[in-house]
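In this document, chain identifiers A, B, C, D and E correspond to the written order of the chains, with residue numbering beginning at 1 in each.
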């Protein structure tokens, strides 16, 4: 569905992404893991053209996305839950959800109910200005907001960042549910352990290059990955 | 001997009771952790302690030790943040707040400003005192950067650092204020388990080397459980549990409210 | 002072205040979205006055045609300014955006001086609206009644647009975060342009009514009203339409009443706007109706 | 036309031209006045383009109605363009600003319509062809009390305008003296240049119900004041100073300024001198479409003519010589009357013209002589 | 220890460069002072004054990030102080001819230097009262409030006749024509600013610009630090104003209309917010530029022949250029960079070539 080949991005001097190839098949969960500054976020931002790409191509169902205006990309059914939430602080929680469906003309009530059922905390706060939500609450809102546009491809940038384990669990459950509902998902995670569990396919990004790729299970078993990303609590057992 | 105490601190925002009757007591030299679900009020607690918010009610009491080694308890409730920092409480921020356009070194140097013992006039005139002060500060800062492995980046713009290193810089900057109590708000957020492990060791070393007392908000349970002496658990602003890691870990209330049945600590 | 004099002063204050209000709304709109003091607003107002002047006094168009053309041209001007002078600086430091605004203001003033000369032009008379009628000793110009009414209607319309329509929501979103707004599929350029269109249209209406009451058109006529109306917007709570109107009225009344009660101080009249501004900001840093911003740390 | 070649060649030093600087506000608040004076100067230059057998070249500098600009502009005329004399500027404060420059550089200057005593006071190099504020103030005070039999007068002054403040002061003094009533001024209103709303002060004045209102100041503001006064139902006559005499005063003020009375320097309908007649005739030729001639234009004309007369008498284009000749000017026949320069460098004129607006025109009413 | 030595070394080095730089510059000024005509002299003096005021503004706006538009007001205070205290007592009666000067002032006359410094201090005092409320405001509010204060100052000066002589202004102020006054002062202020900016205080200023909350959390007292910067700025501006008055020989309230502040704002943005050398360069560019474009106004008198060239065209072109610069040199000429000392010395000689050369500007004035 989404196909990236030889994508290169640089911020001024800094080469953030140095020519990566990556594929997201329809209806699958693909995850992209890697250390800080590896270039994960940059990759996603490049897909929706929030940063200019230097070279390469990004095709979505065969159409070239590169250089396409962000709104156009979104129009095609791709959404991004940005790293660090970025909810609209002055809008209420409810308005944030509504604006997530900005391009939709149909009725939203059903979706809003659905999201409130997923995140009861949001319903309690639905009239609070989003800016005053806690980090975690904002993350939930950001995910909910993205879902409002009923995207075909949902991209999440570290949705678990700063979330309590319980909520992280919740987020991952939701990711799986959405996927079962037929949504294709491209997921960036620090929490490699969990990410690899849900992922059908995974890529490992290191300093702007893809160093490993394979099914989630396969990478989960990979020793060097364990070393690098799964940390002590894994190795102990 | 207790270094930081709060007495029935309550923080309200309009209707939201972010922190409800918080009573903590942190002993000198210990490493305490503050955990709890999102929105429990952890960051708010920090903001109250550091003077960013003035609590709706309650008291915050800090007991710094001055040069002569005598410790006196001071009521810091509602004092201005810089005054509190000057007394010896430093912090990092959950959503990184570095001085983006300044170099890594300058970021740390700023934190030494509160120790400048010369006026802006002598700074302009570059009096010997001023010169000595500047040089000393620079030395201290470079030492800190050394410790946090940022020395090679000293002239980079803070904003161009990767996330992880920005967090390290935040810690370096906090240390430069020569604190007695260091508050860390989710230092490991956005780090993978391995980096988290490295951070764990680092925090531990810093604690001993600078004989700090540390109060830390964290979600990475393995980190928390490994290094903290004492843990407070918040939920909806209320303290639902406090105690040693083991006590907390096995506290049914906590498990139910927070860790969840199959928390990834155990698997 | 006699009751009559006092009432007369109140009438003076009301019409002046409503004029301030009309222009202040324009400031608030633009500031609300771009966080930019659109220094050129006062000069857009000035240009609108010239458009009307030329339409009626030079090309002898019927007034209603002229008004439509004026509003049209003014919108065009406002949108162009945004397109040319502000859009390229979107992600530049805020101050260069501001200096750009000041630059545009300079440019408009100088171009106007160059084209229309520093001499004042006489704005056409609208006897229907300007010939006063007398109630007792009170003299009232019909326009003095029209102005508040127009101001109120436009305010209500605007409030509806901002709070109840999709465009309004988009505006508030764009106001805080371009990138994320784009991710929602909002075409931010469109939103911003429409903001400027609305702001300029208001300036045009303001200019027309202003000139009916004070019928001289000058290249620098926009400077002082511009400044005062921005202050009005701030007093009321910038970004808040109701606030702008409230601020405008407060300013209008206090100016006139100060003159009324302290004739000796009339020379200080222009200072009062700033005095009020500072007093209000001291006690209500976000203005009268501006919502409190708690910075979440 | 001849001149345009002049200014374009700023080649100084070539001895077959004598350069005279024209130092006027051509942009900014005072632009209107400045342009009128320039017209007069240019007209005079057309009529008398030569002196001592040399071509006279005008160098026009815009002082932008701004003091800082004014000083540089003056310095520029002197240093860059090497002018031997300077004419202007409309707006006393601008002339005053240039005062030090011309004094230190010893370049004689002739103020045309700058009526503030400060212009020539303590400056041997500044002269003027118009009368002074004190005189004008007295004239209007006399008019108010004698012709209008006013007992109570209200004053509206433009506080940010030295001309207006000065005139108001002198008017008050002599009016109080004339009526012998210390409270003869029943109300005073202040405004700032550029203000457009005067209803506040006018409402106060209405309450004080004066016999006449003296409102010297910029023509734009004054016209608006009168309009708003009439709209408020104030019927008392408005009287003012020479600055009112501009077309804008009438176009802006419309029907409401009918009957407004002002003192001025010159009346094109019956000039006082032969020179006046020629000037009027020539002006009508040059600008056929203008209904009336502004006094400041006549003064511009006089300023130029008087300077050339001085150059001729001096017999050289040496600034200091010209200065001495100017100081010695006696009974020079100008368009605005006979001019004799006194010790201060001021034109001793004891006659002022009173005009009023009638059928949208400035029309001669009276000429007042005060000794 | 070793650290200390290095920084001492660096410090001496700095001084060595300063010395070279100063010599070159002083000679330059000396020559200029002898050879230029009074017109050019006037312009150069104006440049120096603009340098002073713009630097002061940049300190507050560029380095401390406090958007203050009070310059015109502080200049007015400095200018009037100098005017009131230096005008010869004997000529005061003639100047204050409408309303005599207030008795308590009428007979005080001070030497220029004293009056100048007094002017600086006076604006510091006012700045303190302005700052205490306003510096608590954020961003644009501060801007509009300070702008307001400068307007109030102007209006007060217009109305307090017995002290300021109101709209008539004060004339025959003993003038300074020598370049030494202005350039001497400018030089001192430039050096002071550099030393300040590269001290702990300078970093404190910048930290506030970057993030107030973080700065406060790092022990930087917001109000105190802002106030320090604001007062220093006010002092310099007051001095600038005093020189301005002494240069023109006459002051009146109209000169200090708030649009005057825009000139300086333009300068610091053109030069680069937070760049000292940039500010200096821009001051010259703007002041001389305005003058250089004068020819555009000239043939106006003969509008019939050349309708395009009319008074006003210059300002049109000027504001147009301004727009171009703002739009295409966002960061200004220098951004936040500085020219090194010796480089700056050359720059002083070759202001004209600057634009083409600005790429080569190097790092670190005294860092």
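Please note the rule applied: contacts are C-beta pairs under 8 Å (C-beta built on N, C-alpha and C of every residue); 3 or more make two chains touch, one makes a residue touch a chain.
Chain identities (UniProt): A, B = ABC transporter ATP-binding protein; C, E = Branched-chain amino acid ABC transporter permease.
These figures come from a predicted structure and were not determined experimentally.
Following the contact convention of this document, E is the list of chains adjacent to both chain C and chain D. Listed by label, the chains touching chain B and chain C alike are A, E. Seen from the Cα centre of chain B, the chain whose own Cα centre is farthest off is D. More C-beta pairs touch across one of B-E and A-C than the other; that pair is B-E. For chain A, the chain whose average C-alpha position is most distant is D. Averaged C-alpha coordinates put the centre of chain A at 51 Å from the centre of chain E. A separation of 32 Å divides the Cα centre of chain C from that of chain E.
Averaged C-alpha coordinates put the centre of chain A at 30 Å from the centre of chain B.
Put simply, the C-alpha centre of chain D and that of chain E have 36 angstrom between them.
With touch defined as above, residues shared between interfaces to two or more other chains in chain C number as follows: 113, 117-118, 223, 267, 270, 294, 297. Multi-chain contact residues of chain B (touching two or more other chains): 13, 43, 52, 93-94, 97.
Looking at chain A, residues 132 sit in touch with two or more other chains.
Of all residues in chain E, only 37-40, 42-43, 46, 91, 94-95, 97-99, 155, 158-159, 161, 166-169, 171-172, 175, 177, 244, 247-250, 252-255, 291, 294, 297-302, 304-306, 311-312, 315 touch chain D in the complex they form. Within the complex, the chain D residues that touch chain C are 27-32, 35, 159, 187-192, 194-197, 199-201, 203-204, 206-207, 220, 223-224, 227, 231-233, 248, 251-252, 254. Taken together, the chain C residues at the contact with chain A in this complex read 166, 169-170, 172-173, 175-177, 179-180, 182-187, 294, 296.
The touching residues of chain C, counted against chain E in their complex, run 31, 35, 37, 84-85, 88-89, 92-96, 98-100, 102-104, 106-107, 110-111, 113-114, 117-118, 223, 227, 230-231, 234, 238, 267-268, 270-271, 273-275, 277-278, 281-282, 285, 295, 297.
Of all residues in chain A, those touching chain B in their complex are 11, 14, 33, 35-37, 84, 121, 128, 132-137, 139-140, 158, 161-169, 190-194, 227-234.
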